[in-house]
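Both of the next two complexes hold chain A, though its partner changes from chain B to chain C.
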Partner chain A sequence: MSAVTDARVTTPADARKAGNWLLTATAIVLSVWVLLPIYLLIVNALSSPGEVTAFPKRFLPSFDLGSLSFFINFAGVARALWNSVLVATLTMILAIGFGAPAGYALSRFDFPGKGTFRFLVLMTRAFPLPLLALPLAVMFIRTGLDDTAIGLALVHTTLALPFAVLITFSLFSGIPVELEEAAWTLGCTRWQAFRKVILPLALPGIAASAVFAFTISWNEVFAAAVLTIENRTLTAFLLQSLGESPLYLKFAGGAALVVPALIFIFAVRKYLFAMWGIANR
Partner chain B sequence: MHGKALPYLLLMPATLFLCIFFLYPFALVAFEAVTRDGAFTLDNFRTMAGSWKFPVTVRNTLLLAAIVVPIQLVMALLMASVVSRLETGRSAALYVFAIPLGISDLAAGLIWLAIFDQSGFLNTLLSSLGIVERPVMFLGYQSKLTIFIAVALAEIWRATAIMMVILVAGMGLIPKEYYEAAEVFGASPWQRFVRVTLPLLRPSLQTAIILRVILAFEVFAVVAALGGTNLPVLMGETYNWQFTLQDRNVAAASALLILAISIGFTLFFLRVLRVPKEARI
Partner chain C sequence: MAEIAIKGVAKRFGDFTALHQVDLTIADQEFMVLLGASGCGKTTLLRIVAGLETPSQGEVWIGGRRVDHLPPRDRGIAMVFQNYAVFPHLTVFENIAFGLRMKKLPRQEIERRVNRTAELMHIEQLLKRYSGQLSGGQRQRVAVARALAMEPDVILMDEPLSNLDALLRLEMRAELKGVLAGSKTTTIYVTHDQVEAMSLADRIAVMHQGRIVQAASPVEVYRNPAARFVGSFIGNPPMNFLPATKAANGNWDVAGLALSGPKSDRQKVEFAIRPEDVDAGGEGLPATVRIIEPLGPHTLVTCDVEGALFRAVLESGAAIAVGDRLRLAPRSDRIRWFDPETTQAL
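Then we have the complex of A and B:
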């Protein structure tokens, strides 16, 4: 472990100083490990197609938009982008629409069957969920949901719903029930109390988990590739054209996937613990 | 509102959804795996296991998990220790370390393709340092080892963040008094880490490892982006059975195998890292 100070250093002050220095150095090294590969992808995306395939490479971008404009104008890309946004938006709505009421119920009531429901939700975490797209492909053909945005969004919702339930559960649990009870004594109905007292308090957290659901769908590859043919999402499009597409198309596409993800993670950074830390307990 | 029915009403949408899109397809995939044209058979498994690619596919997937997960565990512990000790720049470090959390596995594959490609950044660096004379083909069909290393690096880069966030949340739950007591008794930082942090972190370690191992068996798009068909893995072969070879039943058998391995490992880690009720914080 890096954060360990050297035992031979004698005075506590020296030890602390050495420890702090080592800590900062480790933090910087780890940050470079995370950021450098992303930077290199961005360099490629901001270079002309000729520069991307040339050798040796420059480590600074030339800010040539050739690769990006080739990518945007490539047949099918604009549509794939639109499909990705559409599917992710639907996933977000479904996951919060189904998940938030369940999270609220888990946080406010004690009732028989509560344990079973929690178990069902937690169980989804032990399964490679994208695989379930395989049997669903047949069911979707029968019901006319094949190759539609809503069909794929339903599968992505199975990925996002457990998160939505557990995150909203921890959000609502963090809001004292006394606030709600006070509203009731002042004459609010249960719904009014929820809407006027609880919802405003929980809204930023709910928004964050909505963004999170969006990101899960935006990034998903396997189910998207299995379930869409004409209406491919960006990930499915990129996966299926890996074999034949030129390098600069791949890198521009990769950047198109990464940049929104960076913004999403930045937007929900305050809630990352609630998302993963608490949701996994 | 009638108090008794309300929680069930709130849980209903999520429960129905999980039954239709989680339990039902799960039953369906199991059914498809053991039948062919409506009759019970184990032929699908025989066909799957009889393919010449099968042994190397299983070996690649398990080997990748066996190498990647322990390295990630160490790195995640390192990152989590750094984040929880930093006094300035704590939230910035946390955000940077968490960035890969939002990045698609396909995008991660493309990011590392920018580095390992023949005209990529690694070759540029090596040739400018005079280590190689001409660019090396790292990802060709003859260089299985370098493909494996590239995939392993991309996986380590991409999915350490998930473990890190869970462990940071877990470390936050350990009472400060434990560390103070250990310090009073003269425990070095390393001893504090081994004797206090690690044992008390066990529930979080368990969750982090289980989640990560399951994801490791799902590795797909990273491999597709970096190795194509040169490094067959289970999820990729499942995809192949479904699309290239158009055999739904064998694909289902393959999916069931991944599910079985995932469940097997989940149970294993639940048992090995079991936390007795009275030892929880």
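Then we have the complex of A and C:
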């Protein structure tokens, strides 16, 4: 019977092979899509100004730090960098300060409107920032919060808060409630049980969530550009001043922005997966 | 001295009533087992005693002190959880010392107690390890040691053996019994495993649908079930039940057999007998053999008595074949009667 078998019939093994091939190809395309711009950015940032505009391109950078050092010494960059760090740190503190208790409450207590609350937390991301920026700017000018680090940090906190709540919620949900109850029966108050048992277990995740909030603020450009004039953050400063700058400086500025964010996200990737419910431990 | 008194405790979760007006007194140093199927309210009752759940009404007293308004840490209790709840970020030593440090005991005292309880639970060599490096059985030992180190008046255990494999469970059961007997604490132990309950308990409180159906010694619960549920829940195989109708001379007619029974106004009651309390031969219930299961020490015979299922545990040597018609004589002192309406014993 085997002699009459059609050679073109696809066996399950063939199908699996094709599926694997498709998966690999998709992964490669997506990786190139993300990695190629970053690669070009870094190569050009580490090349001398002449090489940036030269043709053909070099695939390995010459490690000429001229562009970068010029960029760092460029008037206003240091100040903008300081502003960025300040705003991002404030955002981080506010987002965790409000987000972690909210995440804990969501994971441990049943209260009326819990589902609605979780939905509303996500809904804050549904309003595009440009829509809110103008009324916010007006309000900030009236209250004197305009052009201040704390004012911008408040706006960035609203952006970072939903993530902080969701990450810490999944974090606290992953810690069995019995550990807390055991601590209570062993002589702890609610607060002591949290500090001695829950916090040490959740701390790496909370740190990750904090770093993520920091990164969100670090990368944010729209609100920063609208709400600050003198005290620009790095993103807003670059948007304003690099438009007219030569190409090699744009690359240097871009790299200075992207690389720290990339390192942060890479460091906390496993907790970001956890936020979306992907098992990782 | 830690007598526990549960007075009229009820618990409702929304429309669902988990406990209806439960009353139970547990004597000082008594080993009380709460036994019942899942969802009967036994764990809820334990958690109310622990202070992890607030009763909707009623009072809890421990050692002559009303505690139902106190947080767990002020009740003089220690608890062992079903999933052990060993703190993963602390070593075994620090786990056992956790409660002692909260009490701010001096360092030598903490070390003395940790070493003593660790020795008692045979985990001395594990003191430097973390919970992730322990097997389930070892974690269980740590959880028990942590509770014992507190030297509490009352130890509460919520199905502590149910996550262990069968052989380990048997071993731990015997060990727990010895350790707890030596610790002079009052124990409440929740389980759904009747063998565990029988082997550990001074008294068993059988729970069903949020009520305590019977609280008595293991033998009493087995021999004299207070309600039909207890007879059918405890014992493997469970009790046999047959309908009985009123006959002449105050006797009851059970499958054609006249038996003397309780005085009752009812025309019908229920006759009950344990499978091991019947003898083959003589004058007895007419039974047709359906299934024969030789179990070694004895043979389990499943029969049909006038259309009702009836199990008998007979001597393993008995020459019986499927389809045989037997006469199964119930031992008169072991016969129990139940009211079919109230399901209570008569």
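Everything below uses one rule, namely that the second predicted complex is superposed on the first by the 233 of 281 C-alpha atoms of A that agree within 3 Å, B and C clash if a C-alpha of one lies under 4 Å from a C-alpha of the other, contacts with A are read in each partner's own complex, and residues count from 1 in each chain.
In this text, a residue touches a chain if its C-beta (ideal position, glycine included) is under 8 Å from a C-beta of that chain, and two chains touch if they have at least 3 such contacts.
Small disclaimer: the values here were computed from a predicted structure and weren't measured.
S.K.: For A:Ala78 in the superposed arrangement: first (chain B), second (chain C), both or neither?
M.R.: After superposing on A, A:Ala78 lies clear of both chain B and chain C.
S.K.: On the A-aligned overlay, A:Leu186 touches which partner chain: chain B = first, chain C = second, or both, or neither?
M.R.: A:Leu186 sits against chain C, while chain B stays out of touch.
S.K.: Going by the contact rule set out at the top, does A:Ala18 touch chain B (first), chain C (second), both, or neither?
M.R.: neither
S.K.: Identify the partner contact of A:Ile229: answer first if only chain B is touched, second if only chain C is, both if each is, neither if none is.
M.R.: Touch partners of A:Ile229: none, neither chain B nor chain C.
S.K.: Taking the superposition on A as described, I'd like to know which of chain B and chain C A:Leu136 touches: first, second, both or neither.
M.R.: Once the two structures are laid over each other on A, A:Leu136 reaches chain B alone.
S.K.: Which parts of chain A are in contact with chain B and also with chain C?
M.R.: On chain A, the residues that contact chain B in one structure and chain C in the other are 189.
S.K.: What part of chain A is in contact with chain B in the complex they form?
M.R.: Listed in rising order, the residues are 1-5, 7, 19, 23-24, 26-27, 30-31, 33-35, 37-38, 40-41, 43-44, 52-57, 59, 94, 97-99, 101-102, 104-106, 108-109, 111, 113-114, 117, 120-121, 124-132, 134-139, 154-155, 157-158, 161, 165, 189-191, 215, 218-222, 225-226, 235, 238-239, 242-243, 247, 250-251, 253-254, 257-258, 261-262, 264-266, 269, 272-273, 275-278, 280-281.
S.K.: Spell out the residues on chain B that touch chain A in their complex, using ranges where they run on.
M.R.: Touching chain A from chain B are residues 1, 4, 6-8, 10-11, 13-15, 17-18, 21-22, 25-26, 28-29, 32, 75, 77-79, 81-82, 85-86, 89, 91, 93-107, 110-115, 117-121, 123-124, 127-128, 135, 157, 162, 165-166, 168-170, 172, 188-190, 193, 203-204, 207-208, 210-211, 214, 217-218, 220-221, 224-225, 228, 235, 238-239, 242-243, 248, 251-252, 255, 258-259, 262-263, 266.
S.K.: Applying the document's contact rule, which stretches of chain A touch chain C when the two form their complex?
M.R.: Of all residues in chain A, those touching chain C are 176, 178-179, 181-189, 192, 196-197, 200-201.
S.K.: Applying the document's contact rule, which stretches of chain C touch chain A when the two form their complex?
M.R.: 50-52, 71-73, 77-79, 81-83, 85, 87-89, 98-99, 102-103, 146, 150, 156
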